[in-house]
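Since the structure comes first, as structure tokens, the remarks are kept for the end.
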Amino acid sequence: MTVRVQREDFDLGAELAALRAGRTDLGALVSFTGLVRDTGALAAMELEHYPGMTEKALAAIEAEAAARWSLQASLVIHRFGPLVPGEQIMMVATASAHREAAFAAAEFLMDYLKSRAPFWKKETGAAGSRWVAARAADEAALER
Amino acid sequence: MTVRVQREDFDLGAELAALRAGRTDLGALVSFTGLVRDTGALAAMELEHYPGMTEKALAAIEAEAAARWSLQASLVIHRFGPLVPGEQIMMVATASAHREAAFAAAEFLMDYLKSRAPFWKKETGAAGSRWVAARAADEAALER
Amino acid sequence: MTTVRLRYFAWLRERVGEPSETVETAAGTVAELVDELMRREERYALAFADLAAVRVAVDEELADLTAPLAGVREVAFFPPMTGG
Amino acid sequence: MTTVRLRYFAWLRERVGEPSETVETAAGTVAELVDELMRREERYALAFADLAAVRVAVDEELADLTAPLAGVREVAFFPPMTGG
């Protein structure tokens, strides 16, 4: 159960390898990676966050996932600062004995993180800069 | 859209990096890795398959996922032969613009693969060898 | 008479005692072929005793016991799959 | 009077024109504090014009506009979050 909030990029493969290193009690490992997607003319993205609250919010979301599902391990990494299209924004990984718990916990982490972790994306493109609007589906996903 | 059936191990990190290399159209990358889990006294596992049919079945399952969801990329790798606890058995990866499609397609691939790809696990432990029984939940998952 | 290659996997292979064989049969469906095999030798009777636990592929595609044999080159028998 | 540190993020920060400030207030709740700010200067009135689009954290925990200010050290205002 680890949370990291950082400016620098992360090595997805190395993180997943570390999560299962030396273990034989894991049956299923699920990862989600969020990437900067160029929807047309995206030049850059700036990811603002609320230092202090961010780490607390992510740790609380991870603890909630661990309380709901039988997880052997989990990891959340979220970046902040300037990003360009194609870059990794964040990742979650969940490890469990069975695939159902690993998938459900990873989706839960993403649903909660989207609407409860204090990050804000600002996109800069040909038409100027704009703050990304929250998708109604993301705030609604918490109701599931 | 790639399927590989192989005896040798795979590099999860390298596969995921290759899937998104040079692309800026992906927003979400989901991976599932199945691992040999030691449930007590597991010494080794032998994974038998049906060469010829295996590749066709996996390609058909992947094509079905691509027809149901908007996927930018997907990958299925499944090993056969002898394995020991902690080793990687297989992986699926799905890449899409949004997380919902990537998660749903990865779970679909796993549900179908579990019950429609011709692989059979034989476990050898302190009490001898036994063929792993299919979980009723796995065959039932296809009805979802 | 049709010439069909039969393949067995997992515990069906172990009970039959070989991974594959070629048979000449007049059976019209997979189910009739199974009946024929079960009457032929004890090891087949044992392998197919619980048909609910047997899955079938015809020419490398999942099929039912009711599948016809006309034009078929290969029939495979195996327990429920446990990949993933 | 309570001394509270206020923090603003994303477009709320841009509209208010600063990332944080410390205020003395007699407001009993976050909603009363927002009223006070909106009356104080145009830029606050603008930032808080659409309260449905404003989220609140009190001492680094998500909260409602109805949250009391007694004993609170820090209140943050920001739009719906868009991480992930």
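Note that the chains are named A, B, C and D in the order they appear, and that numbering of residues resets to 1 at the start of each chain.
Going forward, a contact is a pair of C-beta atoms (placed from the backbone, for glycine too) under 8 Å apart; a residue touches a chain by one contact, two chains touch by 3 or more.
Nothing here was measured: the structure is a model prediction, and the numbers come from that model.
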Centroid comparison with chain A (C-alpha atoms), farthest chain: C
Rounded to the nearest Å, the gap between Cα centres of chain C and chain D is 72
Taking the mean of the C-alpha atoms as each chain's centre, how many Å separate chain B from chain C? 26
State, to the nearest whole Å, the distance from the C-alpha centre of chain B to the C-alpha centre of chain D. 48
By the touch definition above, chain A meets two or more other chains at residues 34, 99, 110
So which bits of chain C are touching at least two other chains? 84
Could you please write down every pair of chains that are in touch? A-B, A-D, B-C
Taking the complex as given, what residues does chain C use to touch chain B? 7, 9-11, 13, 57, 60-62, 76, 78-84
Which chain B residues qualify as touching chain C in the complex? 34, 47-50, 52-53, 56-57, 78, 89-90, 110, 113-122, 131-134, 138-139
Touch list for chain A against partner chain B, complex: 11-14, 16-17, 20, 22-38, 42, 85-86, 97, 99-100, 102-103, 106-107, 110, 137
